[in-house]
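Please see the structure below; I have some questions.
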């Protein structure tokens, strides 16, 4: 024992002590660890270069993202605000309800033309009453400052509440698109000179009205609730139908895709034999997820609308219907959900399956009692991300006619609303962005903000659900 | 079965401890022969040397036992390795006891130097010691060679020593009956002979350990015993 | 010498629980188990030892048909549990696994409460009629697994919050809850520290009075400590099967000798 330790090599004393730097007993030159060798320096250099490159890439993408969000909010926030003119309007019974019985059906005979006249008169009277100088501007130009949608709004209000007739009420009339733009700074006097839709006189009057407190810009709920409107009155256009259409489609996609996708994944992952056929199916699912979305649009148009809806006469499948949109989006989302779900199922440790099988659980019990609950967070995340990409999908919806101008809300789901014409948020963005009036560009950006808020809500939901379902094992 | 362990340190440990046992065996054999010589030739210096030498044997025994304990703790030997370690420990104990007997022989020989010799008994004792040492050395050789055949042979040879002891016992008995003055010397000689006979038993024990080491079981049939003394009145 | 052995270590005529004869297992083209015949005694611990890939785990898994979940695995030969062939067409493997429980290498409690972990087996097999009975089974199983005193105040805490050794004992309790006849353990201590290992080994020794226990282990010391019978597997063959004391002091086959003395891997 003692002789063994005496034979241990390298136990001899080294000459000069540890700091001498001379060769030690083994003859190997002593290298101090206090400095860096040339090779080490080179290795450290490449490492720091790599770190800097990575950081640059991240900062660059963050900058692009910030720029994008900044532009959208700069151009889009104003869509949520609307310039209105406060005008006292006398709703004379002789004009608006000649029959005098406040019967709603008879009152509908008075068209917006009548209301237009009432508003125009009230507006001119209000200008005069405030003492605003208008003699240099023709009356036609003055009344053109009011939005063409204002009369419709007033009429709807009156029809909803006939008791208003006979009273004089303060109404916030929607200002025309150019006046609105002038107030928000989008229209300048320089740009107005080249614009035939607005005159210098109108802008002068607008300035004076503002001084007199008749013109103000305020939060605009109408943007979220109004339907689309014609090219001439961008100021009354809203995303209401698009929001509802998108919501309908998301709901339908959810109830169609999740059961099918999850069932398919469970079968493929847990039950299907591993052979050539399942391999083929697997490859095809991966490929389907990569098919350009417009192809699904063409498929939807051909199969759902032309064959099923047209030749076979299924009533519910019509052009522009949210049901058709949902079917098309489902086709596109299904592979994504299947891939995400399979990944989540595969991530469940096999030891859990062994444990369940080992105490005599059947395959089915193993899957539903143990595997599925553990895979749930992954499945939910995958599903919501799939839905989010479906929410932003435009191309296939264009092909099945969801880009059409839809002026009426679709009915409630229980009244067959799923087959009513509707539009979707991204399509609305697209269609407004392609219109000529710059006021629509503002609306388009506003719609993008709404879409982003939707996506944010879905992602936050995904995170919350994930947290709630996540369990450690 | 391969010869070397995957952990080579284990091999070194086993070889080391077995080398110590062999060294111990050599010392014990030498001590026995020297003590018997000192007895016959009345060599006081040699007897004292044997008495001194026992310390080295005891030291070696302690070293081997510690080393074996360490091997068991660190290497957790199993099967043949376990049997090797166990055998080494038993060998060390047997050799240490034999060493003690040699020392005892030397001590008694010093006493016997002060009294008149009793016939040719010391010569017989020395022959007996030579035979036992031969037995011991054969047993250790069988151990080194893991030779079961030789071990069985050594086991059978034990009766030869037993017979010699019985003969000497009767001889001493006769002396004591004839002349009571020889009783002291005869009693010492008898203890010496008994101790040598016990060393023979240890040698047989070593041979049995060899059989255990190789075959995994101690021989079950009773060892042939021809110790007439334990039966005679 | 046999009559000198301490009685506790011997396996007397308790009878044979599992009788395997001529078992062959193929994984696709590879021949994983070659003609293995072994008799697993009742109320005793049988250890399977051998180098990695020797087939000991594979053979263990044939005993409760866990290999059925692997499509390319084929089993031939007879494995009789109490005289009935477990590979008979009429045997439902799910039902079999309630009688032949299994504990795995890594503690794998379900991410549920301690109570639910143990109650899961009895629930799916419909072993109880009411809550009180279920409570009784949970308590007795946890007691058998020597875990009751440690967890009785937090039965509804998550099972995954226990320490490694406790988790493994929970898994044993879970396996015991379906009152199996045989308990298979696939390296139950390889993920545990020495103290937890000792606790599980102590438990295995206690379980012996009620069950037939079969344990696969990489640690020969463990096999020596807990088992009464030891089987040595090598390259898919059952090389030697015998009393643990004999295997570890005096193996008959040179391959066993080489393996347990650390001469071959």
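A few remarks follow.
A, B and C label the chains in the order they appear, each numbered from 1.
Going forward, a residue touches a chain if its C-beta (ideal position, glycine included) is under 8 Å from a C-beta of that chain, and two chains touch if they have at least 3 such contacts.
Bear in mind the structure is a predicted one, so any value in this text is a computation, not a measurement.
For the pairs A-C and B-C, the larger set of C-beta contacts lies at A-C. With centres computed as the average of Cα coordinates, no chain lies farther from chain C than A. A simple rule picks the central chain: find each chain's mean C-alpha point, then take the one closest to the mean of all protein C-alpha atoms, which gives C. Rounded to a whole number, the gap between the C-alpha centres of chain A and chain B is 99 angstrom. Averaging C-alpha coordinates per chain places the centre of chain A 57 Å away from that of chain C. Each chain gets a centre from the mean of its Cα atoms; for chain B and chain C, those two points are 50 Å apart. Across the assembly, chain B contributes no residue in contact with two or more other chains.
Residue positions of chain C with contacts to 2 or more other chains are absent.
Here chain B touches chain C in the complex through residues 1-7, 10, 76-83, 215-218, 220, going by the rule given at the top.
The touching residues of chain C, counted against chain B in their complex, run 1, 220-221, 224, 248-251, 254-258, 260-265.
Across the complex, chain A is touched by residues 64, 66, 69, 71, 94-98, 101-104, 106, 108-111, 120-121, 124-125, 158, 160, 171, 174-175, 177-178 of chain C.
Partner chain C is touched in their complex by these residues of chain A: 273-274, 349, 351-362, 365, 369-370, 373-374, 471-473.
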